[in-house]
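Look for chain A in each of the two complexes below; its partner is chain B in the first and chain C in the second.
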Partner chain A sequence: MTKQRIRHALVSALALSVMGAPGAFAQTDAQKALAGREIRFLQPSMPQFAALGKFIPEFQEKYGIKVTVDEIPFDQYRQKSLVEMQQGTGTYDIYAVDVMWLAEYAAAGFLQPLMPYVKNPNLTDEGYDIDDFLPRVISGTGVYNDTLYTIPLGAGPVGTTFRKDVAEAAGIQMPKRFSPEFTTDFMYKAAEKVHKPESGMIGFAQMPGRWFWGVTYLPYLYAFQTPKTKGDEYVDKNWRITINNKQTIDSIDYFVKFKKFMPADSANWGIGEATAVYQSGNAFGLWNYQDFIKGFFEDPNAQKAVAGKNVHLHTPAGPHGVIDPWFGAWSFGLSKDSTKKEAAWVFIQWMTSKKIQERATEFGAGPSRHSTYKSVTLAKFQPWWVDVYEFMLKETNPDERIRVPEWAEISDIMGEEGSRVWIGEINSATAVENMQKRMSAVMRRGGYYVPGRTDLPPQHWRDLSYYDRLPSTWK
Partner chain B sequence: MTQPVRAFGARTILSHGGGDVAVSRHEIERMTHIKTIADAPLSPAEPAEGRRRGIWSRLGPSNPAVFPWVLMAPTLIVLFAIGVYPFLYALYIAGHNVILSKPYVPRFFVGLYQYQAVIQDPEFWSALKTTIWFTVQAVFIEFWLGLGLALLFQRRLLGAGIMRVFILIPMILPPLVAALIWRYMFYPGAGLVTYYGGGVTRALGWGEIPFLSDPTIAFHTLVFVDVWEWTPFMFLMMSAGLASIPRQPYEAAEIDGASAWRVFWTITMPLLRPAMLIAVVIRTMDAFRTYELIVVMTRGGPGNATTTLNVYLTKTGLEFFDASKAAAISLVMMMVIIVMSFVFIRALRSRTETAE
Partner chain C sequence: MAHPDTSIVSPDAPPVQRNWWVYLVLAAVCVINFLPYLWMVMTGFMDNATATGQSPQWVFTPSVEAFRFLIFEKGIMENFLNSLVVSLASTFFSVTFGMFCAYAIARYDFGGRDDVSFWVLTNRMMPPVAVLIPIFVTFQTMKLLDTLVGLIILYTAMQLPFVVWMLTGYFRDIPRRYEESAMVDGDTWFQAFRKVTLPLMAPSISATAIFVMILSWNEFAFATFLTSTEAKTLPPAIMAYSIGANISWNVLGAAVVLVTAPLILFVLVLQRQLISGLSQGVIRK
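Showing the complex of A and B:
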């Protein structure tokens, strides 16, 4: 009996060690042959990349491939990556790709299609299971012209974070995530109620800096749409700019109303400034991105003033009950000019494998696989993700911001004109008139209005079933 | 004694006591018993070393027509590589439609379209106005502060050496570092200036000063930081200029009993003009191109209140990757700088000539 128990224990221990070991899957000969290579990876400075970075030593040890990571501040990342890509020197083998820049990178031919690598059993670990990724997440993040160019390392919505304890002290019952009770009106009134700058608590830390409008104002642009105007926020079916309308004016006015809660010197505030104020315990609420929550607000060692005291909600529903279907994601893209594509792919597939994706959630990385969403690790370390699963599966819209190579200019125009409203230089009606004219000029220069043009890009946001295809069916 | 003086066609002119006589080659050979090789073909068997020596001697100091060019060649090559070629290439790019992030767009000649696009862009005019206003304010203040400090340091001051070092520190700092230091000094609510300055202004009932958030105040905050950084340069140039003025005119003015004010305007200022000219032209060109300070502190905002031409150019070239429009902007900027420098030089030179 004792012998049998010992035997069972040994077998169980062996099985557990094999299952739990980092190198559970045996390396193929092709992977072994890549030992000694050195690859370079360009990434922005963000919590989710920091979380994944913890696993690089383990990868290097397992595969013998050296990984050098260069990190660039988020707001300079697109510029740096595009400069590197268009030079075509292959300095970087892997680029972090934001969902908004995929069209620009892929259309220019800077990225290598990945499906041939995914389906290559010599380079991809057994059990990689591409179909484990949420369809809308992988296709929304990495597919351009029916071709898979990048693999997501995390995708999520933007939302809002509030101090639960401050709300309770003020007698405010904060709604649950995605609750229809959480409206723009509710949010403003709650901020107004707790706003006591003389006691060091501002109602809301907005991010009105010119560069940030393209991410922090947009949830309100969507929230103020009517069910009828949804989908026509920027352009109509013929790619004519439609920004000059009542919904845009109302959403800008709503966003600027929060100036009342902000210190005088805040017109240039971005994520850094607003987050710092919140982290120091001096703001009731602020904008957030799902992947930042762990690193920015819930790390008990780094954010002692606020960790554990927060409630994380979606962005509020507008006057007509519309909520922002925001889809934010970062992914790994393989450089077309890389001379070490195979080694780089081995790194990408390992970093986006089921095992690493799950383990990385402990340190703040977000999920993009079904298995990660359902894992105990995620529920334990980042419980605020659990109720996002259904939203990412069915509600989110990868084209919430129109993904065209002209987006950087469109976003900049929106930021500049919006910022001018914030500082009182112009009113919102003038701002949207200017946006209309300037965005139209950008689209005209992009060739969208060439008479007789028949190859205009498809507008997938009008039928999101395009993004719901099984991941393995992409080219 | 007969000496060959110069060759003249097929004949050589011989000079002797009785005057010049033209003689043929055959006559010279007959007189000297030396066979000339003027018409003989060069031997293919001539040693290579000899040929090389020939090339070097043709390029060497013995050839005054070529030798200066040989000496200047390295500089000219570098100037061509970093000045002339980029300029010509910018002209070429500005005449086409190159968008670096869209290599799939066919490239073709567009004539003056890019210049038209720049001139029709309201952001360009806003940026030009901001740039000129920034340059004029900053250089004006820096000039007078620099001159004032230089005049002050002409007197014997206790600890002048140490003070000079402290004055020069801002200029020694890399512009990016200086910009970062000031960014954190003005960091909303938590910077040294905003925290203590805000405390004082709040106590006085004025509320917080929006150093980087109000369009006008943000602009003047940037002018202030530029003045802090570059007044030392003016101080240095003015000090050098003052040191080069001879003592005699001052001694004569002292004997004549001229007032300090009169001495300053009639002796110091006219004699300092060459140094002033150089300092103002250099600083104007530099202030016109200010970039790091603005991008780090305000990123051209709020709105476009601090977007200068260089910020606008960089955004066009390195955010939108519109290389052709960016090239057109840079060429327009170059023209503006040339015109401004020309006007300065003419104005200051004419005043110097009038004074003389």
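Showing the complex of A and C:
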């Protein structure tokens, strides 16, 4: 009798464990019929993709769909994906899409709307629950013209990482994340205090390379705004460029002040150079992207010099208490030219399911779902994400970098003029004047000042409630 | 037992100059040139933590972590094989076709010969990025995207001007009377070419082949855009696997070993021909 009970208990436990196992939902007939297909996924080489890549063998085994991943250096990724999409080659079924490219790709008709797939019970696993995604994250990443085009695979802000042990040794008490005490002033003074290049420790590893201004300088452009100028960082309601103002000048001066901590060859430093210096234990702080933290700073095998010794904060608040509402995300987009859209969708929905999203956080992937943010796995393996939840719910601004086709040029102008200040060729006031002229020319060329034009894009950043709709209500 | 010195020195020969400082300068130049490469190779045998360590470590426990990552996790040997096939095939075809073209330009007088010669060279002046999209569209139409055949055709076409330009000069250096003598003896022009000119040209052709092989082996831009998973060659694969948002130095070091080892081997095997080929034409016979 006892043996029988034990057997029953074991069978029940086994059944429960199978039911509770990742992706244990029974496959539908439509999903089973897709076995034997091969899909291709184009992605840049980045840590968050590497984290998800670990689950591909499991997907292949479960669904019988072969996944071939083509990894492209980040620098060539955009051109390569654009050429493939523009020519409609159909080589790739799924593309990794950066949040900044969504409008361009969707407007050009390169991507397939996803909501019909989400709502198709034959292709989407039971329990997928699209409303489990943070509204602002999914809409900010994947919605264009009220239509859902991509599903996020992690979205987050940028921030700063500092050596806690170095701060403590210097008697500096590092504030908590999002604390109003963490200001631009605090950050500069702390960097100045620990800056001892003769002992192999620089105060801060900034990333002033021309391309990087559009990501590493922007937190300061925002931080130096006043509550009154928020929303008018680049353009006013009529799309007139507004960059020529005191806030921009002050933020550039602040950013360039960090040059004194950097080596003579720092003008071209980007993420690679600054990260390498920090990883080797020779810098007190640097810029970070939330999704890179685990892969770049907290892997005890790869970063012995710094892992476990860091504190990860947001970018600092400026003189008027404003912080950068940064929003960065990558997502899965289904190619319009794919001949295997159903198999590709089955892959996307499985990779962005609750279970896989949670498990992937162990390897460095970022969260996009309520359930992932609240999971034990995230808290255990990437505790620095937990505080970001409220920020991603209420503060983040998907249009922090305004999403117009002209953004790439605007960002480049900012980088070029900013770099000239960094190397001492011009001062910040001249740079800002130049930015104003050149950005205005770009907008004029883009047709923003044509009298009577009524089809200009909406400025959603002025009313972020647009992004707060329930995910399932998008088309 | 000591061997007697059997070398013969003319009594009128000037004394051999032994300028030790020349050797010192040469040694310094060699070391300076070789050190960065040595450091990259060493980095390939470091683990990630050592490669990104606080200070450069000359003594460390070797690790094959980066090679394991590239070979087993990323399957880079497939890319290696693709590179090998594409480079060897395109070298063979471009040198073969280019050789006849160069021979014609060097030996035959025809209208517009100099223009043809210059036109051939101008093909090398075009930056790859300017023709990338047209070539992409052509490949797409001809179903050559992501195929080894496509890359072989493209690289052959790309390297032909270089081969023609190089070999034309070498052919001109070989006196025409050698072939004429063979033809007087009853050979056809092709027999004269094969039996007389070709053996004399062997070092030059080898030298040209080495350069063409290196150019094809290292080509990056077209390989990135025209291939995806089936025909991807080493350069784009290495870039993708070692340089993401940051740089994996040990992976990059291991990749440098993988990408340069065959070339070094190739050049070592053909070193004699390379030197002989490069010096051909320096002295008029």
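The criterion applied here is as follows: the second predicted complex is superposed on the first by the 459 of 475 C-alpha atoms of A that agree within 3 Å, B and C clash if a C-alpha of one lies under 4 Å from a C-alpha of the other, contacts with A are read in each partner's own complex, and residues count from 1 in each chain.
Basically, a contact is a pair of C-beta atoms (placed from the backbone, for glycine too) under 8 Å apart; a residue touches a chain by one contact, two chains touch by 3 or more.
Quick caveat: nothing in here was measured; it's all calculated off a predicted structure.
J.: For A:M46, decide between first (touching chain B), second (touching chain C), both and neither.
T.: A:M46: touches chain C, not chain B.
J.: Looking at the overlay, does A:W269 come into contact with chain B only (first), chain C only (second), both, or neither?
T.: It touches chain B, and chain C stays clear.
J.: Determine, under the contact definition given at the top, whether A:T91 touches first (chain B), second (chain C), both, or neither.
T.: After superposition on chain A, A:T91 lies in contact with chain C alone.
J.: In the overlaid three-chain picture, which partner chain does A:V376 touch, first (chain B) or second (chain C), both, or neither?
T.: neither
J.: Going by the contact rule set out at the top, does A:E409 touch chain B (first), chain C (second), both, or neither?
T.: first
J.: Mind working out whether A:V83 is in touch with chain B, chain C, both or neither, as first, second, both or neither?
T.: After superposition on chain A, A:V83 lies in contact with both partners, chain B and chain C.
J.: Which chain A residues are contacted by chain C in one complex and by chain B in the other?
T.: On chain A, the overlap between the chain B and chain C contacts is residues 79, 83, 276.
J.: Under the definition above, what is the set of chain C residues touching chain A in their complex?
T.: Answer in residue numbers: 47-49, 52-55, 132-133, 136-137, 140, 145-146, 224-225, 228-229, 232, 236, 239-241, 243-247, 249.
J.: For the complex, give me every residue of chain B touching chain A.
T.: Of all residues in chain B, those touching chain A are 100-105, 186-190, 194, 207-215, 218, 298-305, 315, 318-321.
J.: Quick check: in the complex, which residue numbers of chain A touch chain C?
T.: 40, 42, 44-47, 68, 70-74, 76, 79-80, 83, 87, 89, 91-92, 200, 271-272, 275-276, 279-282, 289, 292, 296, 301-305
J.: Considering only the defined contacts, which chain A positions touch chain B in the complex?
T.: Within the complex, chain A touches chain B at residues 78-79, 82-83, 86, 104, 107-109, 209-211, 263-269, 273, 276-277, 405, 408-409, 412, 416, 419-420, 422-423, 425, 447.
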